[in-house]
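Next up, some structures in structure tokens.
Same chain, two partners: chain A is paired with chain B first, then with chain C.
This part shows the complex of A and B:
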């Protein structure tokens, strides 16, 4: 069997998702033997410009350059996988969509930038995405799982239960019950509740869970004493665009 | 021969960058511009208006490879502004996981980004075919660094447990003891890795510059302290904006930072040049045996300096953890008050500054972040300018390879460059 041609690509972001691939230290060499890596900007020198079987795409579209790049790569490949929070939900950089313009304006040093900047968006605003690997960063073993499934001709399955399920399995005390602003109930899991295991509330990095009840989430947080501005800012940090998408869709049904 | 060289995508560096060169008939260098083509993310604007304790989580997303350093700098700045004093254990644990980050970052840069240049391979992946033992050793050391971070701070990228006031969760004694054991086992590997980098044939290129690093009392820079310049000046962290000047040049799209109108260097080479006497025993020994003279003005030696630092830091953590007994501690609560705070820490690539202003309700009213790569940018450009005359008889393709090697050796991190901006001037560049 010929090895599938695989490309790893990135646009604007922290490059943590590509690092997550490399940080599979023990399995890395074994995986690399099974696939034909044609592009990996962080560690490979040559720039490949041909057809690819599988693409892992990291980063958020924040400029015309990013937009052209994601469209070009999508056209070159059969299976396109959005890798990580920036690519799947817009991640933290998409917070800019919800930031007052007067906060951003003084940071634009050059007028020309206004022309090349676009509103930060996940890649599915511009291209068709076949699979999403969520998380900021994604679980590094999950990436290997995707590669393994695809190599065996299996359709990778996406996790679709809220973070709370795994958090309870891990025996953590409920941070929400403690009065902390945990977004676990509305956020898709599959992360092994890594943040709450370490004592940190869920910030929603994997995006909304299926049938996430944001209305109830907001009500509970208000009862815990958090004001509207704080709650909105917290949801916006990772889930802002996807939450808005859901709300807009709902409004359309009501029209 | 006059020529314009455009290197639109510098590979094997962290983030996205490009270089524009214009060399005239008489070999005069008319243009040498190094720029990030990373899209702008405006973190400082997004932090404004948020609660003070949210800064570590948000700002960690600036950079994957140095997310720990960003968290720590943010935590220090916030603690400084709201007035929190943390325990000795918290200080030690913070040192631990940022050193874990320095190990994994150094080893990654040395072996996957830099080493292929010297061993004639295209990538670290190809090296695995010709030098499997070297790559396996590197992966083992990277894993050690990552596991230190995971054990102490809950996750290796964008850690979760370190917070304003302390840690949400502390590791068990057993976990700490296991780490010490692994660090002891890893020391010989780190020594071998550093030795290998001591035998590589680095280009013979020296250029004088100022070296800036954190200075700690009686110890090689670990986490935080005053800022020391190789010219002999010392600044407290609050004085950081007194020595440097951040400015924008019309010809460019980036912001630059200089001191007294001159570029300076931060990072491994700067730390080593400024703190040679404070290296631990094995690190000193490997350095001596290599025959390479330090302090050094050769930027190509940065990966070797990283190797020496890795040995030093592993020794240092073993020393500090040997008699450490974990206490069960809760993070110290902040009593919020209005104020300005500055946090400085050594990131793998040099010192990093976070500055915040917080109002009396605990809302961030100003955020300012100065990363190592922004500080090194001018220095890298100057180094390229000075290096070019040595390689002008090469054709464009070979010249690009040499310049890329020089850039790469500086270990730039363009994701981090919050103050870099991308602009494409249509037409204008072509006629340059």
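This part shows the complex of A and C:
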């Protein structure tokens, strides 16, 4: 059996998701025996240009160059996996969508003319995505699990329960009940509730849960004494674009 | 036969148990739950615990079998340690009895039964049990225990419920005193503020307006399932290992989520939240009763108390029942 050709690619982002792959120190060498890594920033100098079986794509599309790259890579591969919060929900870089352009105008590189700016958006705005690995950063074990499943010819299972489930099975006190602005109930889990285990509230890095009820979540947080601006900023941090997408879809449906 | 044990002797009794076996009891840490007791002083049964003792029987992530190089390896269940569960309220005890029924219906579940067999159950009674969300007196509470402790002003009264319990008393003869006290019905009473008028809720199934009023406050987070002492639905997941083996593990499943009713081909049977919500309530109060003659719900009220929006289905069901009678 020939080894599947795997590529890791990255556009605008902090590269933390790729580090998550490398952080599997104990298993990494074993995995590399089973797959043929053709491209990996940090590890490989040259960018591979040819057909690939599996692609892990990290980062948010913020420029024309990014857009071209994601489209090109998609054409070259069979299975396209969006890796990390930026690629799946837009993440923190996509916050720019929620501020008036004049606020960021002075910050954009005017001199580097070859950079053409587009609205930051997750990769699924431009290409078809087969699987999503969410999280900022994604769980390192989850990435290996995906590779293992794909090697076995199995369809990887994407975790689809809210953070609350894992948080409760980990025996944590409910932070929302304590009055903290935790977004656990509307956020997809799979992270083993790593933040709430340590007493930190959930910011929603893994994107909206399947049945995320944002309207009610906002109402609950308002009752806890948080103002609208604060709640909006909290949701926008990671889930803003997906929330907006949902709202727009709802409006369309009502029309 | 009823026994009495003074508070001082009770602590001695606990300390001697801790030295022999693992004792799990309500402990007030950052959250009140059943934890392994290190000393008798840690025991704190004043409040109804936030977490139930469910995890001791239906372990999250229970290893069912391992596939390795074409072979199936079953885990060694005899390695499971004996333990004592202490300070179980009536609702927690009743939930264990209900799991016994569910897990031995048609096919016996060896994983559950092995864990269950190795646990000694000590009940704990307090008249002022929980808070305004408890409604255990409105549902079926049938319990099985080894020893049952009733708190009095300066001592505990102890009832024996099994041979195992009898042996424990015998082993600690010098700590327990025989008492000629006769337990009355009042001694076993539990005060409830909340009351479910009837758990025959067949006739209000079609009351869409009533159910919708409850569901509009549902965040679909599934905490009610996770905290429920009786919710036993589970799913299997295959976890691949780096050495080429695959572990089949069991996890608890939540009927309030979409993935619960998703089947092959991505068809989802209960798409609307109202269907899922009704399924939970009807399973707890109706379906289980239709099948086994008693409600699954034990009225501990955790699903209301710890719900982010405090969905009080008990009061609403009472309202709907009244409406139906008119």
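Quick note on the criterion: the second predicted complex is superposed on the first by the 248 of 255 C-alpha atoms of A that agree within 3 Å, B and C clash if a C-alpha of one lies under 4 Å from a C-alpha of the other, contacts with A are read in each partner's own complex, and residues count from 1 in each chain.
As a working rule, a contact is a pair of C-beta atoms (placed from the backbone, for glycine too) under 8 Å apart; a residue touches a chain by one contact, two chains touch by 3 or more.
These numbers were taken from a predicted model, which means no experiment stands behind them.
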Have a look at chain B and chain C on chain A after the superposition and call it: clash or fit.
fit
With both complexes superposed on chain A, which partner does A:107 reach: first (chain B), second (chain C), both or neither?
first
Should A:99 be classified as contacting the first partner (chain B), the second (chain C), both, or neither?
first
Check the residue A:217 against both partner chains and state whether it touches chain B (first), chain C (second), both, or neither.
second
Quick one: angle from chain B through chain A to chain C, Cα centres, nearest 10°?
110
Partner touching more residues of chain A, whether chain B or chain C:
B
Now for A:177: first (chain B), second (chain C), both, or neither, which partner does it touch?
second
Could you look at A:36 and tell me whether it touches chain B, chain C, both or neither (first, second, both, neither)?
neither
Just checking: does A:130 make contact with chain B only, chain C only, both, or neither of them? Give me first, second, both or neither.
neither
Looking at A:53, would you say it contacts chain B, chain C, both, or neither? Reply first, second, both or neither.
neither
Given the touch rule stated above, what does A:245 touch, chain B (first), chain C (second), both, or neither?
neither
Minimum C-alpha separation between chain B and chain C after superposing on chain A, in Å:
11
Chain B/chain C common contact set on chain A
none
Touching residues (chain side chain A, partner chain C) in the complex:
27, 30-31, 144-145, 148-149, 152, 157, 160-162, 164-165, 168-169, 171-174, 176-177, 184-186, 209-213, 216-217, 220
What does chain B use to touch chain A in their complex?
9, 11-12, 14-16, 37-42, 44-46, 48-51, 54, 57-58, 61-65, 67, 104, 108, 112-113, 116, 122-125, 128, 132, 135-136, 139-140, 142-143, 146, 153-161, 163, 167-169, 248, 253, 255, 415, 421-425
Counting only contacts in the complex, chain A reaches chain B at residues 10-20, 22-23, 25-26, 28-29, 32, 37, 40-47, 60-63, 65-66, 91-93, 95-96, 99-100, 103-104, 106-110, 112-113, 116-117, 120, 136-137, 194-195, 197-200, 203, 230, 233, 237
List of chain C residues in touch with chain A within their complex
30-31, 33, 50-51, 55, 60, 216-223, 225-227, 237, 239-240, 242, 252, 254, 257-259, 273, 306, 308-309
